[in-house]
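In the part that follows, the structures are each spelled out as structure tokens.
In what follows, subunit A forms one complex with subunit B and a second complex with subunit C.
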Partner chain A sequence: MQELKIFHEAIQNPGSVALKMKEKKRKTIGYLCSYAPEELIYAAGFHPMRLFSSKAEINLAESHLQAYCCSLVRGILEDSLSGKLDYLDGTVFPHTCDSIQRLSDIWRIKTKYEFFADVIMPAKLNTQSAKNYMRDVLIKFTTDLEKACGEKITRSALKKSIAKFNLIKTNLKKLYELRSQNPGILKGADIHAIVKGSMIMDRDQLVELLPAIVSKVSDVSALDQGKRLVLSGSICDSPDIYDIIEQAGGVVVGDDLCTGQRWFDGKIPENEEPMEALTTRYFERIVCPAKHSSTIARGENIVKLAKQTEADGVIFIILKFCDPHGFDYPYMKEFLDKEGIKNILIEIDDHSLNSGQLSTRLETFMHMI
Partner chain B sequence: MIFAGIDIGSITAKAAIIKDNQLISTHVLFTGYNTLTASQKVFEELLSKVNISKNEVKTIISTGYGRNSVDFADKALTEIICHGAGAHFLNPEIRGIIDVGGQDSKAILLDNNGKVTNFSMNDKCAAGTGRFLEVMARALELDLDLLGEISLKADTPANISSICTVFAESEVISMIAKQEKRENIIAGIHESAAARIATLAAKIKIQEPVMMTGGVAKNIGMVKALENRLKCQILVTDSAQENGAIGAAVLASTL
Partner chain C sequence: MNDKLVEKEKQKITSAKKMRDIMTTYYIDAMSAKENNKLVAWITSGGPVEPLIAMDIIPVYPENHGAMIGSSKMGEDLCMKAEDMGYSNDLCSYARTDISCAIVKGGPIGGLPEPDMLICCNNICGTVLKWYEIQARFFNVPLFIFDTPVCHTEFSPEIAKYVRTQIDEYIAFLEKVTKKSFDHDKMAEVGKISYQGQLLWQKVLNTTANRPSPMTAFDAFFFLALIVTLRGTMIAVDFYKELLLEMKERIKNGISIVPNEKYRLLWDNLPIWYQLKWLSSKFSDHDACLVADTYTSAWCSSLKYIDENDFLNSIAEGYTRIYLNIGVDQMADQVIEMIKFYNIDGFVMHSNRSCKPYSFGQLDIKRIVESKANIPVLMIEADMTDPRAFSQSQVETRIDAFMEIINQGK
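Let's look at the complex of A and B:
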């Protein structure tokens, strides 16, 4: 499929995407987590681009970080310090885990991109005052962006931006639904490229490409089935894992990843006041374990997802040293165990994949479920 | 009908032959650098030992970390599945397995059909595995096979606090320098490895009766240290090291 090639190329080289955006007079703002309000960044005339580690060898970042920082934080800092991210015009750090917050501090002092913003969102998302606060934070961020671009973000620009991101996210959701009905229409590594690419590429291009992919895979007739699996965890930026899962006889039918459903779920109502609607979306979305909405929200969500997708099992994929997900794992596992949904934990690292051990674990798990 | 199982581990290659649901024989070799050569050699040597020709063997299953390099096998299955089948074949009562091999240790739960219902496995680190014991034996200038017997003479097992093979080795070396008794050091090494393995067993809530399999089960000191930790009796068969290969042969007969 021609469209897939574009996604694979873009994720290989985000820098070239940024250069093309510059030709279109859009400066690139990098962001660190799925709580970054892309809609506002785009409405201000910037190009939002999620940052991932290039997985280069870590040298420079070592002198700034503790051994317990995850490979994502380590890798992104290395990329910045070694000049690999020189194409960036700015960065946004939403308030999430401790490591990303401290990375923000190092970043502010050590890097020299034009624009910098911390978006200090509330961590507890279950009170009206937290919602009001969330709204204030988004307004403050709007002001920061307006200063940077030298213009007001108009109501209509924000509305247009919301509609664009809704279209992108709705198509991703549709793609996930199609895959759940007929796994194998796309390889796991292709879905990974599409979702990752959707956080990196030109949004004007995405609104063309994504519906085209959705329409092409809608026509694919039923393919080989395997053990149906849901992935749960933080980010999964190791496409090899999908190959290992597929070789072990599994098919991924859904996920709650930060680089997956957790990011694109939740359409923003287009007929409401845009700032209110935006606030509600970021307030009500399925939380990341660095935030809190209730003691049951994340547990119930994974059970619901596993049931909806008729999953045979759940694979927890956690980035090594990711403490929010590490603390959350026993809680999430308990919810699944109670429902008799088989699950397994694998820890990954951006820089090395022990594929021998991993396939032994996953093959045995497929055999077990 | 004759079936074979071949288990290519990180240190040794094992083969087993089953005829009419009876274990005929097993064979063990060092794996060395080339896993395919090792698998051919261990299989051929076993066949000539029992005077069976290749074409009499109906099906072969390969297992172990080198399972996918055995190109003459009909199917590859993980060693976790095969150790389950092997333990069930030798003793159908078994519900829990501790398998400690060259570079991995695993705790496995079985149902009454010998099917794996849960398992846990060490992460990348080799602490508590056969390789760990090899490194320690070398530091103590002892033959690996002697560790078990000598450790039983210990009066006060030394305290090895480190869980990393490399750091534990330097702890052992400083104990040697302090002239700590050899048997106490070895018992301490076993304690440290057993503590590590016991956490894997606890993760899956291991159930009795428990069998220990894998090459490390030949070390009586390790078995005793684990029995103390798990507070239960641990069964060990004469073919503990070949248990994965036996399981592979058993599963080959069901293909």
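Let's look at the complex of A and C:
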């Protein structure tokens, strides 16, 4: 498919996307986690771009972050220090985990992009005062952005931005639904490129491309099926993993990833006061494990997701040294076990993927389910 | 007794025994809470304990328990038990030991008394949020989260408002769980006592600015237990008064803790609980005294924000702007202040794989200290309770080399 090429190119070279955006007079602001309010960044006239590690060997970051820090955080710092991110005009750090918290400090002290902001979201998302605080934080961030762009973010600009992101996210959702009904319409690696690309590419281009892809794949009739799998974890940024899963006889039919459904689920109501609607969406979305909504929210969610997608099994993909996901894994596993849903844990490191071992484990898992 | 032994006896800090007795009584009280119709709350070390004391609820600190487990060298076994339950060995070892201990009732005191409620303040880390969720599921008791957003560069008005509101929510939570109404007069009194205790603790720590130092950071790690667990009670106040007197006595009589104190060092991060004795004599053999640390001072470092006469209103800032909840550059500033105040010759940093918020950023602090304070810095790789992350021979070689550098620089 012609359209897919653009996505694959963009994720391989985010810098070239940023340069093109510069020609369009949009400066690029990188962000670190799915709690970053992209809608605001875009409404301020900037181009929001989620940062991923280029997975380059760690050299410079070694003298800032110890080896027991997750490869995502170390990798992104490495990219910045080695100049790979020089195309950025700024960065936004929503408060997530302890590692990103400290990365933000080191970044603020060491790097020299034009714009820098911490968006210190609440950690608990189940009280009115936390919601009020969330709104305050978003308003503060709006002011920061306004200072940077020299203009007010108007209500209508924000409304338009919200509509745009809604369109992008609903199309991704549709794509996931189509895939769940008919796995094999797209390769896992292609879907990965589409989702990742949607956090990197020009949003004006995405609103054209995504509906086109959705309508194309809607016409594809049943393809080969495999064991239906749901992925759960932080990010799964290795296309190879998708290939390995497919070779082992599996198809991914849904995910609970922060670079997946956790990010794009949940539409922002367009007929409400935009700031209020934005607050509600970030407050009520499916939580990331670094946040608290209830003690069982994520356990219930993974069971629901597995059932909805009629999954045969769940693969937990956790980055080594990731605390929030590491703490949630045993109980989420317990919730799945209770329902008789088979699951497996794979711990990955962004920098070294042991594909041989991984395929053996996954093949065994596929036989079991 | 030969002269050496007499000399050694004189050097011992006599308050240590009293402190042990107080802690024993405290744990016995906590263990028998049920029989005495008292409620038990588990609370994080940096959490606002004063309202609990005002409500006559017994606070119990899993982190202090973790330290006890570490000191009694039971950490490895309990960590491994948690790993068998599916918890990665990369997670904080306090959390790991506590999670498995709740199930197997192991450790030096056979596990902690079961909680009636959990109070989790995330001013120290995000780990406690996950850890307390786990215990809330396990014990099936109410959990209150006191959310203190990190102050990378400032204590913003938004944060101030949010945290202040939570103090009222906290009180409402306690009223609901205990089915009793909150006594504000009692609270005001507890607030004053807490303030006084923290002030005394600060004074005790300050005595080590004297040359030679009357105690070491290793002693501070031990004496810390009271300001953590009994903050807001007269027991802590009375004890620290005595301890302060003893320190002043020692200074007056020229009694040093390290016989020939030549070098003064500053420690960073949690103690390595299972190696305290060895580390202490190792440094002492080099005539070096660890006079201060960034850890024990965390329980009085935000005193400047607290108003003893307006306790509840001021602790929002006091509990939010603690050492671990501020930016790395501000942490470095505090370290440099300590280096000046205590006249420090070298800085020893424990890179603690359990504690990410404390350890990430250390390498930057190290460089800032090296350039601004111009003293050598040593980094030791370890973990506070899990001995598997510690290599004695490697650390020994590095300490020897470090002391050599300090010696040459003198």
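Convention: the second predicted complex is superposed on the first by the 369 of 369 C-alpha atoms of A that agree within 3 Å, B and C clash if a C-alpha of one lies under 4 Å from a C-alpha of the other, contacts with A are read in each partner's own complex, and residues count from 1 in each chain.
As a working rule, contacts are C-beta pairs under 8 Å (C-beta built on N, C-alpha and C of every residue); 3 or more make two chains touch, one makes a residue touch a chain.
Since the model is a prediction, treat every value here as computed from it, not as a measurement.
Residue by residue along subunit A, subunit B and subunit C are tallied for touches, and C comes out ahead. Once the two complexes are laid over each other on the shared chain, residue contacts for A:Ser215 go to neither subunit B nor subunit C. In the superposed model, A:Gln357 makes contact with subunit B only, not with subunit C. Of the two partner chains placed by superposition, only subunit C is touched by A:Ser99; subunit B is not.
Look at A:Glu347: by the touch rule set out above, it reaches both subunit B and subunit C.
Touch criterion not met for A:Thr154: it reaches neither subunit B nor subunit C.
In the superposition on chain A, A:Leu65 makes contact with subunit C only, while subunit B stays out of contact range. Applying the stated contact rule after C-alpha superposition, one finds that A:His367 touches subunit B and leaves subunit C untouched. In the superposition on chain A, no contact is made by A:Gln181 with either subunit B or subunit C. Judged by the document's definition of touching, subunit A residues 347 lie at the interface with subunit B and also at the interface with subunit C. Only residues 347, 354, 356-357, 360-361, 363-364, 367-368 of subunit A touch subunit B when the two sit together in their complex.
Those residues of subunit B that touch subunit A in the shared complex are 65, 77-81, 104, 115-119, 121, 123-124. Remark: subunit A residues 63-66, 68-69, 95, 97-99, 101-106, 108-110, 118, 120-124, 127, 129-130, 132-133, 136-137, 140, 289-290, 292, 295-296, 318, 320-321, 323-324, 326-331, 333, 345, 347 touch subunit C in the complex. On the side of subunit C, the complex with subunit A involves touching residues 85-88, 90-92, 95, 122, 125-127, 129-131, 133-134, 136-137, 143, 145, 147, 149-150, 152-153, 156, 158-159, 161-162, 165-166, 169, 327-329, 351, 353, 356-357, 359-364.
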